[in-house]
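Across the two complexes that follow, chain A remains constant while its partner is chain B and subsequently chain C.
What follows is the complex of A and B.
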């Protein structure tokens, strides 16, 4: 097909509705935030009167990194990500392998059950778990909202919500592996574990990488669950994660410039981490580790 | 192939334990929604107390002048309307990118792929600042329109269109004298339909999950989705709305869970992951 003037026009018509909203609600906000982050509000004299908006270069970005709140938030997320993401993805992988194998019974039922939390919004899951964490109400009678454990209580909510979804993505990839391949290996005397580890896992690597990238990005934007918990425990402050802090800075302190700078730093960090993860898994593959 | 008895028991037992973990909070929610506020404390958490479900439903429906039913309706509007819009826009854009070799196609696609890597919550604050300039704060449109932008949806729709819509069929339509729009709505969208249902479902859940955007944009309680409303009720320190929060949470997720179970065959994770074996 040659793209004549007529088809060019048609392509434009098809792209226009999405394109308009995309520019308005995606591109423009980013541009606006970048611009905003380069200015500072300067209060003159004693701070009375209208503050003046002056160009400040990268000063807001320097302020982000100088602030202990940001660094402690990032450190918290790193710790969270290093522990929670492997647990969740490991569990999802094991479940998918078992469901795909031929040993377990009632697999249709279990698959459905594991997928149910995906229908529950993160904040509602957090509300329900927050009751289960409150000693007076909880059937377990444990205080899971204290300073030391609350991060892992949040990790539990995220794991509960997302394991099933990740399992389904991996499971779909497992289903696409030709059956004969695994059967041939079994014929040759490979144990089911061996088949799973040496044939199935390497063949679903792309879906593991995909869920890995999703999880890293998800960790960096951790917001919903801790925000809900601020209502029931003092162990979660309003600046517990960097995204929560950006909101506190922008809305409570009315500092849109610093708030924008935090949001942009986070977006860049998310992109960089995902990129790094992709490179790392490619490198591990070449070395034959994965 | 048959597995050994031992393997069957062990794997099934493991699946069972995980299922208990998944179902436990949902079971607690069902049980607690039938209890009075006092019984939440005084009776064992995982078993029923005195039946108080009707009273709880009445309370949640009438609390604060009947806000809760309104929140449910708003949620339906945001998630349903937003997902419908997002799916249609993504289908059109993806179809154009797959089927029209116009100039600059590669560049347009590259920009959209770049946007896939930027998670929506990270631009919510910038979006809020922009919307305050555009006068969209505290309006239904302030939530609905941004929800209709799904770069990942465009990426998927493009893959679907490439796999499912043959060029020859489009050529045949042209020879018959049909316009491009007509060809899309009679041929293209029909062939893409199964994948578009999947796209709609995933977008529906994404909006239903998105609590950050409405929290930023909407001040007026009457415009809130149910998630935002419940979080605000839950956050009241005295906890006097506890029974309403529990019952409200249950009522809000039951329809979605039912829809999930009945639409099971449309949940194709491989489609969502970009695979296009239709």
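What follows is the complex of A and C.
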């Protein structure tokens, strides 16, 4: 019993730094946002008096869905995610498999090269890409900022940035596969393709799911790239994604309550989608699909 | 994009983007009823030198503060340069007001004053300012007065003019257009003569520029009627302007580019855009942004709607507002008045910042007559001094300008990317403007 108490105390001490920071910079701000989202500033007439802060229940949450900005932003992101996430993770998987299987001599070099874009700060990368996309100064001579194309131009930036990161996660998982397994398969006459598909890919499934969840959350939080592009094209509005809208509402309109409500709805949505994705992959596994 | 663009935009905003003449709209003439100064006791109490904190971003403000401090030991101004309003400066001020540590004075554009007012972020300075208001042009005082309460001291304004490339006009024998009809004809003639060159550009994301055109035509987007806001973004003058530009867009006679983008400035540098109808503060923006074309530009009065008449639009004007919680409003107003009306102080602001005065005798400052090499040594501020006398008196801004701005940018942006008409886009902007004011819990008058 006494020993157990000591362990608990030691655990508490070790948890303290994390716990303090977690509460200060995570739990408290979220609590503040939730609280903020339940209030509204009350004004009347021309509004030249000092506004009064009043409890408004779920009115801000109703406002999130009222004018369609949120839903059209989410629809845009879903389309984006359905196309971009599989392409990015597919690329990451292929690159990881190639690094793992071949290129043994230059592995470190290629690993670094693939990962390098991730080391470039996102906004800087987006600014450089925005130069490449602007027809007047672009070497491509294409209009990559038009209304129908710009979502995929953003997808290109995101893929460029994040493929290397995802590749590294998958690659680390590949490294953890016991070599004997692959050797045994090869002895039994399995081709490298067969080994990759039937042994390596199933073995890195947890990493694929992890990167999948990260990507879903990342997609819903899409912000840097479209925000930078608002400066070079009118096809990207300041409410292009829900997170951008949240910021626009909070900062431009000085309505922190609605801004908080948008952010909270978005967080719940990200949680729900991630959960669904996990359930879906578990279900697929049970069915033996993957 | 990036640093250069931000810098340019900052300069533009500084020169006093944003608008003025609010109050003519708000139905109150300058010093209507003298407001009771709230914090007067606090300001008079303490002895010794008083420190007034001041936040702004206009070029030349730092030097102005130094000059004041050297000659006024009793009132020391502590100037802090912040990001321009649209780049986060306003948000910073509002957050500071909320936190209770705001500066005494803040640079707040005329288009944003009402938004600050409905956030409860401004002090009533009627009592301190009324004695010195005669030093300003009356409309400038109107523009900072709401419902009989003055909340800011005017600084600069942005009368508009026609900037044009003299060399390109001469080469293709284009007369400087005096009316908008002549302007449209010139657009056709120039583009036919050289298909790579456009007479001017249309910036779908520049509501303030468009508002200047509408202002000239006699529009009044926001006004008050009793205890309610009136929103008229689809009034007849604005629709006239929209249809005019729609015509140029449909005939593909204008270069469509996001305002302040690198692509836009590159087209200026390459001589693909031969003119620009813009506010006085573009003088310095063009000088700084497209130095390669120096000496080739000239300035003429803004084209008018009817031959023989001159009415000018206005874009910009950033007064200094006294923010909520200021302990020394009297001293703050004293300094702000000096800044805007002292001949020496404003002469420096014209030279250092390209600001255009709102003081009654500001147009006689020596710096206003200075020739500018970028414009072939034309003393361009003289053109704007003339223009400033003919600024239409009706235009006003509302309490949700940032929202209206975003709505304009996305609706008009869709017109140029997806098609549709400017008139329909303005209808959308109108609806969103009304909704945004109602969302704030304020009243909107029907009709």
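Points worth noting:
Criterion: the second predicted complex is superposed on the first by the 261 of 290 C-alpha atoms of A that agree within 3 Å, B and C clash if a C-alpha of one lies under 4 Å from a C-alpha of the other, contacts with A are read in each partner's own complex, and residues count from 1 in each chain.
Methods note: a contact is a pair of C-beta atoms (placed from the backbone, for glycine too) under 8 Å apart; a residue touches a chain by one contact, two chains touch by 3 or more.
These numbers were taken from a predicted model, which means no experiment stands behind them.
In the superposition on chain A, A:131 makes contact with both chain B and chain C.
For chain A, the partner that touches more of its residues is B, with chain B and chain C as the two candidates. Look at A:139: by the touch rule set out above, it reaches chain B but stays clear of chain C. Within the superposed three-chain model, A:63 lies in touch with chain C and out of touch with chain B [touch as defined at top]. Once the two complexes are overlaid on the shared chain, A:105 sits against chain B while remaining clear of chain C.
Contacts of A:235 after superposition: chain C is touched, whereas chain B is not reached.
Within the superposed three-chain model, A:193 lies out of touch with both chain B and chain C [touch as defined at top].
By the touch criterion defined above, A:55 lies against neither chain B nor chain C after alignment on the C-alpha atoms of chain A. Shared-chain residue A:227: touches chain B; no touch with chain C. Taken together, the two complexes place residues 127, 130-131, 136-137, 228, 231-232 of chain A in contact with chain B and also with chain C. Interface residues of chain A facing chain B in the complex, by the touch rule stated above, are 1-3, 6-8, 10-15, 17-19, 21-22, 24-26, 28-30, 32-33, 36, 91, 94-95, 98-99, 101-107, 110, 112-125, 127-132, 136-139, 160, 164-165, 168-169, 171-173, 175-176, 183, 186, 192, 207, 210, 217-218, 220-221, 223-224, 227-228, 230-232, 243, 246-247, 250, 256, 259-260, 263, 266-267, 270-271, 274. Remark: chain B residues 1-4, 7-8, 10-12, 14-16, 18-19, 21-23, 25-26, 28-29, 32, 40-41, 44-46, 88-90, 92-93, 95-97, 100-103, 105, 108, 112, 115, 117-119, 121-123, 125-130, 133, 145-146, 148-149, 151, 154, 167, 170-171, 180-181, 184, 205, 208-209, 211-212, 216, 227, 230-231, 234-237, 245-246, 249, 252-253, 256-257, 259-261, 264, 267-270, 272-273, 275, 277 touch chain A in the complex. The touching residues of chain C, when paired with chain A in their complex, are 1-2, 5, 88, 91, 94, 115, 117-120, 146-147, 149, 204-205, 224, 227-229, 258, 260-263, 266-267, 399-400, 402-403, 405-406, 409-410, 412-414, 416-418, 435-436, 439-443.
The residues of chain A lying in touch with chain C in their complex are 40-51, 63, 67, 127, 130-131, 134-137, 146-147, 228, 231-235, 237-239, 248, 251-255.
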